[in-house]
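I'd like to ask you about the structure that follows.
By written order: A, B and C. Residues from 1 in each chain.
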Amino acid sequence: MSNPSAVLEEKPAVEPKTASILAGIQSRVDDKLPVWFGEQQRVAWTQFQSLPMPVRTDQAWRFSSVGVLDLAPYITPPSLKESDSREILERSVGLEETSGRLVFADDQFLERDILSEKLRHAGVIFQPLERAMIEHEDLFRRHFMSQPATLGSAKFAALHEALVRSGTFLYVPRGVEVALPLETFHWLHAENAAIFPHTLVVAEELAKVTLVEHFRSTSGQRPGFSCGVNDLIVGAGAKVTYICAQDWSDKTLSIQINDTTVGRDATALNLHLGLGGKYSRLESLSRLTGEGAHSDMLAVAIGDDAQEFDARTLQDHVSPHTNSDLLFKNALNGRARITFGGLIRVEPHAHFTDAYQKVRNLLLSDDAEANSMPGLEILADNVKCSHGATSGQIDDEEMFYLLARGIPAPAARQLLVGGFLNEVLERLPDEVLVAKLEELIAEKFARRTR
Amino acid sequence: MVKQNTTLDIERNLGNFAYPETHTHDAGIGLSEKTIHYISDVKQDPDWVREFRLNAYKTFLSKPMPTHWASKDLEAIVFDNIRYYLSGGTQAKRTWEEVPDDVKRTFERLGIPEQERKFLAGVEAQFDSEAVYSNIKKAVGEQGVIFVGSADGLKEHPEIFRKWFGKVIPTGDNKFSALNSAVFSGGSFIYVPPGVKVKHPLQAYFRINAENFGQFERTLIICDEGAELTYMEGCTAPKFNTATLHSAVVELVALKGAKIQYITVQNWSNNVFNLVTKRGLAHEEAEVKWIDCNIGSRLTMKYPGVVMKGRKARGEVISIALAGDGQHQDTGAKMVHAADETTSNIISKSISIGTGRATYRGLVHVPKHLKNCKNNTECDALLINANSRTDTYPAITVRGTGNAVQHEASVSQVSAEQIFYMQQRGLTEAQAMSLSVNGFVNDLVRQFPMEYSVELKRLIELEMEGSVG
Amino acid sequence: MDQLVIQDLHVSIDEQEIIRGLSLTVPKGEVHAIMGPNGSGKSTLAKVLAGHPDYTVTSGSVTMDGENILETEPDERARKGLFLAFQYPSEIPGVTIANFLRAAVQARMPEGEELEATDYYAQLYKKMDLLGMDRSFTSRSVNEGFSGGEKKRNEILQMAMLEPKYAVLDETDSGLDIDALKIVAQGVNSLRGPALGVLLITHYQRLLNYIVPDHVHVMVKGRIELSGGKDLALQLEEKGYDWVREDIVEPALTS
C-alpha cells in the first residue's frame, strides 16, 4: 500500500468514516458529485500535498501560532443521527424575517426555507452548492474558486477545494433587489469534525442582496476544524452586504478565506464577527476592479482565555477612482491574542484612489496581546491613503464615571467595550442586523461572566 | 505639468570627484579568513579583536541574505568584488596642517568652511577607511571626554570599550552587522564622563574615495550617568560606475539619566548600497534620539533602534528619506520597550520622486507586565510624478493593560494644481516643487541643528532641480 | 500699448471647444467685469490667460503691452506682470505665507540680487496694514485650513505684494459672506490705479456693488455677446441671463 500524503503522520483509521482528513479524498466516496468536480478536487488535493505548511518566518504568518495548525486529529464527520439533526434545526434561530435560509451541520445539508415565488421568478438562486454545481454548472464553474488565495493560505484553500462538499450558492440576476437578508447556518457537531463550508455569491449588475452566515458549534467543549471559503462577486452598480457571525467552540481551529471582487460603481460590505474559536484566521481580500467601486471591510473580535484571532487583509485597488475603508476593532481579555496584518495596495494606474485602514485594539487584561502590521503599497498618483493602528485600554476616567453612577464594574466594562465596538456595527445599513450582532456579542459576555 | 522624468542623473557637484589612489595598505578584493588576518595584522589588533573578527566572519557566512522580506536588489551585491580594507597608511592627524592637500581639497568641496571647523568641538573625519584627521577641541578633552577613532579606542581604552562593544548590536543581529564585525575599520569611539554635558556637537565627516571599496566603520558612543552629547555624522560619496557597499554599525549607550542625540545627513551616490545597523541602549531616565536624513544611494536599509531597558527611558527616531529616480530608501525604526514608563516616538517622512521608492518598516514591541509605556508613530509619504512608489510596513506588538501605542500613516502628493498655483505667482516649476517638498518636511527639519538644516534644504533643492523638466 | 488684448481666442479641453472666438481689451487703469451664466467659459478664460496646462489654445492671440504671452510658461507670464486670483486657491501644507511670498518676490528680482529680509518684511507689513490684516497671518501655511474669506484675502495680499500690471480675479466673491465680501472688495479697490488693469470675473452682480467696474461684458457660450457700462450689470441682475440669450444672442443668430 502506498501512502499518498507527505504530511500524514498517523495511519488512517480502520473505519473510513472517522479517518483523518489527511488520509485523502479517497477515503470519502460521494457519488452524487459530478465527475468534473471530482477531478478538480483530485487536482486540488495534489496541490495541497505539494504546498508547504506555513512557518512563522513567512511574512504572511508572522506572529501567528502556526503550531496549532496540526490537522491530523480532524476527521470527516459521520452522518448525523436523525435526533441530532432535529435538535440542530431547532437551535438554528437567527433573524426573524429572511428571504431564505439554509442549514448545514457537519457539512450535511439539513434544511432550507424556500425562496418566495417572486424571487424565484426573478431568477434568484439560493441553494446548496452540491445542487447548484449540477443545475447551474456553467455559472458555478465560472466563479467557483476562480481566484488564488494570496494572503498566506494557498495550502488551506487547496485543502478546501479538495474536500468541500457543501455550502451556499447565491445568484442574484441583473437589477433584482432582495429586500430581506438571506441566512445560513453552519454547525460543527461531531468530535474533531472537519468541515469546509463554501459560499459563493454572484450579484449581477444593479442587483442588491444581503447574506448573513452563522458559524456555530453544537457543544462548547468539542474540538473541530473549519476551513471555509466565501467568495463574493459584485457586478457593476450592485450592492452586496455579507455578514459572517463566527461563534465556534473555543476548541475549534478555523480558517476563513474571503475574496471579494467589486465591479464598476459597485459596493461591497463585509463584516466579520469573531467570537469563538481557539485559533481563528480570517483572510479577506477586496479587489476593486471597476471605476467607482467601493468596499467596506469591517470586523469585530472579542477574545478571551487563550483565544487567538489572526486577520490578514488586502485592499487591492486595481482601477482608478476606487475607494475602500477598513475598520477592525478588537477587545481582548485573558491571554487572548490578535494579529492584524493588512495591506492597502494601489496598483499603478489606479489613480484617484481613497483607501483607509483603521485598527483599534482594546486590551482588557495584562496578558492580552495585540500585534498590528498595517501596510501600504502605493504605486499610483493622486491617491489619498491612510492607516492607523492603536492599542490601548479602557479609560480610567470613563470607568470611574460609570462606577460613580452605581454601575458594577463588570457591567460598566461591558458597556464601555460595547461602546468601543459600536463604531463598527454602526456602519451596517440595517438596524435589524445591528441588533442581531449586538445580541450575539451580549451572549458571549453573558457566557464569560457566568 | 509634473512631467515624468526618465533620466534623472543629478549633478552632485559636491560629491562627484575622486583623487588618485595612493594607498599603502590594501587588502585586495574579496573576503576570506586571510583578509581578516591581513586587516588584523595591519591594524595591529589585540588578540581578542582578531578572534572577534574571525567569529564574526563565520557568522556572516552562516547568515542568509534577508531577501525573504527585503529588496531582491540585495542580490546584486557581489561580496567577492569588494575591497574590504584600504588605508592611506597615515596615522590619525592632530592638526590641520598635517592633513594631506588632496584631503583638504576634498573637505573644501564638501563645503565645510575652515572657520566652521574651528567652531566645531572636534572633527573626526574619515578619508577612506582610516581616520586621517582628528582634532579634539581642547576644552572637550579637558572635560575628560574621549573622542578617538575606534581603532585607538579599543587599544587605549579597552576597559570601557570592551564592556560595551558588540553588546548593543550583537554580531549575529543580521548578515551585515556580522560583516561589519568581521572587517570593521574606522569610525569613532566616544566616552563622556558622568555629568559632563558636551556643549557643541561633535562631528565626523567622511567620504569614500576608492572604487569598489566597502566602508565598514564602527562607532561606539557611551554617555555615562547624566552626561549629554550630540554627535553629527554627514557623508557624501563620489560617483562610481560599479556598486559600492557601505555597511556601518553604530552602538550608543546612554547610562542613567544620560542623553544622546545622533544626527545623520547622508547623501550617497546612486550606486551605493547603504546597509547600516544602528541601535541605542537607554538606561533609567536616559534618552536616545536618532535624527536621520537619507538622500541618495541605490538602496538604503536602515532602521535605527532604541532599547529602553531602564524605567522612564525614552527613545526617539526622526527620519526623512528622499528616494530619487532609481533609488530605494528602505528605512524605519525599532522601538523595544523593556521597562515601565518608557516612551518612544517615531516620526518618519518620505518623498518618492520619479521611479524612486520609499519604504517604511517599523517595529514597536511592548512586552507584557510593563506599565505605562507609550509609543507614538507617524509616517507620512509624499509622491511626486507617476511611477514613484511608497510602502509602509510597521509591526506593532503590545501586551497588557497599562500601555498605549498609536500608529498613523498617510500618503499624499504634490498636485498639479498646487504647482500651477505657485507658478502663477512667478515661481518656476522646480522652485514650486522644492517649496512644496520643503513644506512637507519643514516641521522635521526644524529639529536639525542650523547648519544641517541649511545643508538639507540645499540637498532637497538639488534633487528637485533634477526631478522636473 | 499699455493694455491686455485678447483677440479671437479659441480654447478647447479634451477636444471640446469652450471659448469660441473671444475678443476683449483691458487697458491699464480700468476695471472690466465679465459676467456670465454657469458654463459660459468664464473660469476657463481666467485659467487660459494664466497658462493652465489643461487647456489648449487652438487659435487667437493674447498680448500684454504688445507682447504675445501665449507661448510662455505660467511662471514667466506671472513674472511679466499677470496675476490670477484663483477661485479655489490651492493649499500648500508646511509653507508659510511669509516664505511663499518671499520666494515669489525673490523670483522677480534680477539674477544674483538677493532680497533683503528687512526690506521684504517692511513691505509685507505695510501691505497687510493697508488690507487690515493681522500679522500672525503670515506664519500660517498657505491656505491650509483657511476659511473662504481668509483664502480670498490671502489672494489679495499676494496681489498687493507682487504688484502686477494686470490682475484677473476669478469669481473672487464665491464662498464669501457679505462681511467678507466687503473686506475683499475694499482690498481690491485700494489697489486700483493707473498702473493696474483688472479683469473681474463674476457670476453675481453683488460684487459689482462694491467694486464698481468701468465696463461690463456679458459672456455666453464662450463669447462676449454684449458690452456696456456699469448699468449693464444692474440690467442683468433684473432680467437674468436668459434675457441676453433670448433677446440678444438668438435674434442675432437667426437674422
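The criterion applied here is as follows: a residue touches a chain if its C-beta (ideal position, glycine included) is under 8 Å from a C-beta of that chain, and two chains touch if they have at least 3 such contacts.
All values reported here derive from a predicted model rather than from experimental measurement.
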Chain pair, A-B or B-C, that carries the greater number of C-beta contacts: A-B
Most central chain, Cα average position: B
Chain A and chain C: spacing of chain centres that average the CA atoms, whole Å: 57
Inter-chain centre distance, chain A versus chain B - centres from mean C-alpha coordinates, in Å: 45
Chain B-chain C separation of Cα centroids, rounded to whole Å: 49
Residues of chain C touching at least two other chains: none
Per-residue overlap in chain B, given as positions that touch at least 2 other chains: 415
Residues of chain A that touch chain B when the two form their complex: 57, 59, 62-63, 348, 361, 363-393
Of all residues in chain C, those that touch chain B in their complex: 50-53, 73-75, 78-79, 83-84, 86, 89-95, 99-101, 103-104, 107-108, 141, 158, 162
Sites on chain B touched by chain C in the complex: 1, 415-418, 420-429, 431-432, 435-436, 438-443
Of chain B, residues touching chain A in the complex: 68-69, 368-369, 381, 383, 385-413, 415
